[in-house]
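The following blocks contain the structures, represented as structure tokens.
Common to both upcoming complexes is chain A, partnered first by chain B, then by chain C.
For the complex of A and B:
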């Protein structure tokens, strides 16, 4: 059964809408749990407060990692996959029964995992490296969640195939859905890898097999752990294109190139999992360098293409709407009052300048040695998964609330400043953590003063400054995330109903007018910004190599 | 060039590959499985076992 959306004109399958809503609700619940744990962890690592004891520090680190990196993200992505394969394609949901089964498995897995962690039966960190052993129900929970998610991804593929069969879409999918296809393929790789490693580990925890090889476990686990974050990258970039289209009527200035970039993601991005084994002795340099450099750089090239294509699509649309003065009028007069657009642009900046640059530098065998297992690594992924993916998902939710939940956004003015607060909070947190890591502060460590330990270490005195900065950035980001959660919950459950286009607080733009004949570059402002990015990248690259050269004398 | 001529033009091979969702799935899984998983596990599997005397000395 369908309803026709009076705002977008899309035919919306009511079964799909219900499943999108429920997956999105579970995503928000997961994020709320993750940020509560995060603020407690920040005030534990911040030594003047040192809030939790060691046991609860490790417990909540496990809890935070799973809820932030797996549950929040995957629930949201499944909602996004259903949206992209049914609503956007005017397609009926292929099997609502299996959609419900997927959701039940995922929620069951989520509950099992979170309960087992909180009652102290799985203090194994998110990675659960063997021979650390958790309760069998913990592993079972992960397996149930992964199976449910894999089923959800399969339903996405079935919807897309059906849409082609029913001629709701031609041979070439819309760019947004194409990006989601890339995300779904990466999800299959990720979840299948998860099954390969969690099933034997589950059997080992039951005592049915003797052991799991720790080196093999680590290699296979990161095929899940890192690749799962590449699902995010693909989904996030797809949403950037969607937001540009919704907010400005803009499209990629060369869709074929953007699609090729997604194609490169499908082929190469999962190989980056080898980053996590760069200091492990069991695999050769050939394996490490091939996976993290040669092949991986093709995926980095894809990100560079998107990093140019997304802002240039904004600039091109704005120029066609008449904002043509100078290099940056298009940027100054962009729709900054639209929180989805603001989130998208800030996420793009943060992801590129913080997450992207550090990702490439820390991902090389040589420079990785400076920061391996230091706080710089979680600092890097705060710059990718949090400032990039989470902020993007927060932003697109401002469209989903009126379009899918049919509610107005309560306290809209607050929504307009929330992306800025979150961006600056996470940017400060992330950069501080990267600086602390560069100064040698270890990650996953309850007490970096090593008090009472047999070894001690005196850090550079500037670490105190960065710890304080990290605490302040983390607190600001926590407040911003809490504002978003409250706003979503209040809007969805108590917000005024949307009765038609007149109730839309975020405009949906018509397609930008056709470009007039012009000489020179179509997006000169973006070209300047891209050159600025490349200079920043080159400087950081040089600093890290210089740092490496100064680390010790090689005799 | 009119629409009919556009339709009659052969579709480039790369576009055919990029439009085929199942082929993309196959390529993505295969490249990852060969270069990351199988190659990596083979390397770990061929690491020689630690000699017994060294193992005994460490565990002593």
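For the complex of A and C:
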């Protein structure tokens, strides 16, 4: 059963549409749970309030990690994969029954995990490093969720193959779907690694296996934990290209380059699980250097290529629309009233300048010594997963509400400022967490006054400033995320129906006209911006190595 | 056209000058970063160690007990203090929730720290220098340290290890000469206690006094001292002085009742720490410490001796 979209002209399979909707709803529910936990955690670590007791602090840290980093993102990605493999290819969903099965498994796993955590049977943090042990049903919940997700990814592949068979797509996939294929391949590697480690751990919690080696556990677990974030990177970059297309009618100025970058992700990005083992015993320096650098930084190269290709696709389209004056008219005259576009640009900036720079620096073998397990690490991934992935997903939702849910966005003016609020909130939160971490403050730690300990430690007095900043940034981000959740829920359930193109609040741009002349330089403004990024990176790089050189000698 | 298949000939389109320039810059940066990391091994002074030995929590625990017995120069807040010789092997044990022993090190001398865990995964976080390493059970991580700054350093735990995680904090004092010890209050440490003879299997013939003396050493070595004080101050657990024979309010299986502290009660508290919890100390439940029947008998005698 198809309906033909009166806005885009796509043939939309109604089964697929229903599955996309339900997965997206589950994603929003997970995000809501995650941010409620987040605000309580912030006001616990902010010592003047110190809200929760130790037990609930650790319980909600576990809860927040799972809902934010796993459930919100994976549910949304499954919705995205279905969208990219059916709607945009005019393709029928291959097997709605299996689609439902996947959803039921994932929701079952989600419920089992969240309930076990909340009743205090799994105070083990998201990472659940053995020999810390949770209730067997907790591990079972994770396994069910992962199997459901793996099934969803398989259905994505089946849809793409069917689209080729049915001649709905030519020899070359659209760039958006191509990027999603890369994400899906990484997802298969990731979820399979998850099975390799969670199944023995589940058996161990049942008492059927004597022990699980803690170092092997951590090595394999991060094959899931880190690589799953690389699915996000791939999916997020695909959405950046999609948003450029929807908002401006543009695409990568050289698709071969962009596609090669996605291919480099598939080949090298999963080596990054080594980032978590740099200050551990058991692996050698040679192993650490090779893996942590994704085999000589070839996955970083891929990200740097996108760092040019995404803004240059915006610049190039804008110049072809006539915004050709000087270096930056294209940026000043960009469609800033389109919240999807704004989110995409802000996500790109935050991901590069905060998440990307710190990711590369903290992920080097020796500099990891000064940040490992400090607050700088969650600070870093607030810059990648929250400013990058979450803001991108929030942004593209502004297109999904009218196109997939067929509703108008309620209080659209609010949607136009929401990305800015969220961006600044998380940026402040993230930068202050990084600063605190570099002053030695540990992550996942209930009381930085060490009450009850045999000794105490007083951090550099400047931590007080950054704690306050972190609390303010976190509160701002919480409000912005709450606005988004409420807006999505109210729009989807109570918003006015979309009856045709005249009800679209976000424009869908026609294709940008072809360029009149080629001077060889297609995006000079972008080149300046990327050089600026390079300078920022160089400064942070030398500050961190300078700090490292000031510590005790160790070998 | 990210929603449409690209135009014919997309694969052979020339890469624009600016994009090509950026890719070359990015590639050079990648190679630079890789080479930098390798070169730091040759020229840098901070590199994670490559030496690890396989051990077991029980074996490492024994190693720790023997090391501390032999080298202890005193106690600091329930944590034994050791002053190792420069260049020597030092045993540092992570345990829920303490780092044992506390160390006195000389500035600009090398020490081989053997660090491992008695139970869960812990995080060694040396402050304020800010150096962080991961510590596992069953792996003896050998880190060669040379302190370059004199002063008091702390070891935090930065890997979640249970409800008392935030109380896990150890101490390293770095001195330039023995004269510095006074400023840390370490000049008045009691002289090293006489070596305790190994406990025989059969201690039935021991006097109360002998048992209490051996019990004190168990109290210090096995970690009781990290939470239970003997001067009446209550830290994480109830203080031990004037405890034996007193009546305490406990909660057992949700019901509260009053019991008298006797041999039986102490043995139960050690063997099944979650069974009977003293009212007022529910926040941080006691960790499971594996003590032998003899050791329990000795600790009990030690508690009895504290009036």
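Here is the rule we use: the second predicted complex is superposed on the first by the 548 of 555 C-alpha atoms of A that agree within 3 Å, B and C clash if a C-alpha of one lies under 4 Å from a C-alpha of the other, contacts with A are read in each partner's own complex, and residues count from 1 in each chain.
Heads up, the rule we're going with is that contacts are C-beta pairs under 8 Å (C-beta built on N, C-alpha and C of every residue); 3 or more make two chains touch, one makes a residue touch a chain.
Because the structure is predicted, anything quoted here is derived from the model rather than measured.
Asks: Taking chain A as the common reference for superposition, should the pair chain B and chain C be classed as clashing or as fitting?
Replies: Chain B/chain C on chain A - steric clash.
Asks: After the superposition on A, what does A:141 contact: first (chain B), second (chain C), both or neither?
Replies: neither
Asks: Once the structures are superposed on A, label A:440 by its partner contacts, choosing first (chain B), second (chain C), both or neither.
Replies: Touch status of A:440: second partner only.
Asks: Of the partners chain B and chain C, which touch A:371 in the superposed model: first, second, both, neither?
Replies: Once the two structures are laid over each other on A, A:371 reaches chain C alone.
Asks: So, does A:268 touch the first partner chain B, the second partner chain C, both, or neither?
Replies: So A:268 only meets chain B here.
Asks: Based on the superposed arrangement, let me know which partner A:213 touches: chain B (first), chain C (second), both, or neither?
Replies: both
Asks: After lining up the shared chain so the two structures overlap, which partner does A:284 touch, if you call chain B first and chain C second: first, second, both or neither?
Replies: A:284 sits against chain B and chain C alike.
Asks: May I ask you to decide whether A:223 touches chain B, chain C, both, or neither, giving the answer as first, second, both or neither?
Replies: After superposing on A, A:223 lies in contact with chain B but is clear of chain C.
Asks: With both complexes overlaid on chain A, does A:65 touch chain B (first), chain C (second), both or neither?
Replies: neither
Asks: Does chain C touch more residues of chain A than chain B does, or is it the other way round?
Replies: Of chain B and chain C, the partner in contact with more residues of chain A is C.
Asks: Would you check which partner chain A:185 touches, where first means chain B only, second means chain C only, and both and neither mean what they say?
Replies: The first partner, chain B, only.
Asks: So which chain C segment collides with chain B once the two are superposed: 55-63, 91-99 or 145-153?
Replies: Residues of chain C that clash with chain B lie in 55-63.
Asks: Determine where on chain A the residues touched by chain B overlap those touched by chain C, and list them.
Replies: The overlap between the chain B and chain C interfaces on chain A comprises residues 171-173, 213, 215, 256, 277, 282, 284.
Asks: Which part of chain A faces chain B closely enough to touch in the complex?
Replies: These residues of chain A touch chain B: 157, 160-161, 171-173, 181-182, 185-186, 188-189, 192-193, 196, 213, 215-216, 219-220, 223, 227, 256, 259-260, 263, 266-268, 270-271, 273-274, 277, 282-284, 287, 290-291, 295.
Asks: With touch defined as at the start, can you tell me which chain B residues reach chain A in the complex?
Replies: Residue positions touching the partner: 11, 14-15, 18-19, 21, 24-25, 27-29, 31-32, 35-37, 39-41, 43-45, 47.
Asks: Would you mind writing out the residues of chain A in touch with chain C in their complex?
Replies: 53-55, 58, 61, 88, 123, 125, 129-132, 169-176, 213-215, 218, 238, 241-242, 244-246, 251-257, 277-282, 284-285, 288-289, 293, 296-298, 300-301, 304-305, 308-309, 312, 360, 364-366, 368-374, 438-440, 442-448, 450-457, 459-460, 511, 520-524, 526-527, 530, 534, 547-549, 551-555
Asks: Please output the residues of chain C touching chain A within their complex, sorted ascending.
Replies: Those in contact with chain A are residues 1-6, 10-11, 13, 15-19, 21-23, 25-27, 29-31, 33-34, 36-38, 40-41, 44-50, 52, 76-79, 97-98, 119-121, 123, 125-134, 136-141, 143-149, 154, 156-171, 226, 235-236, 283-284.
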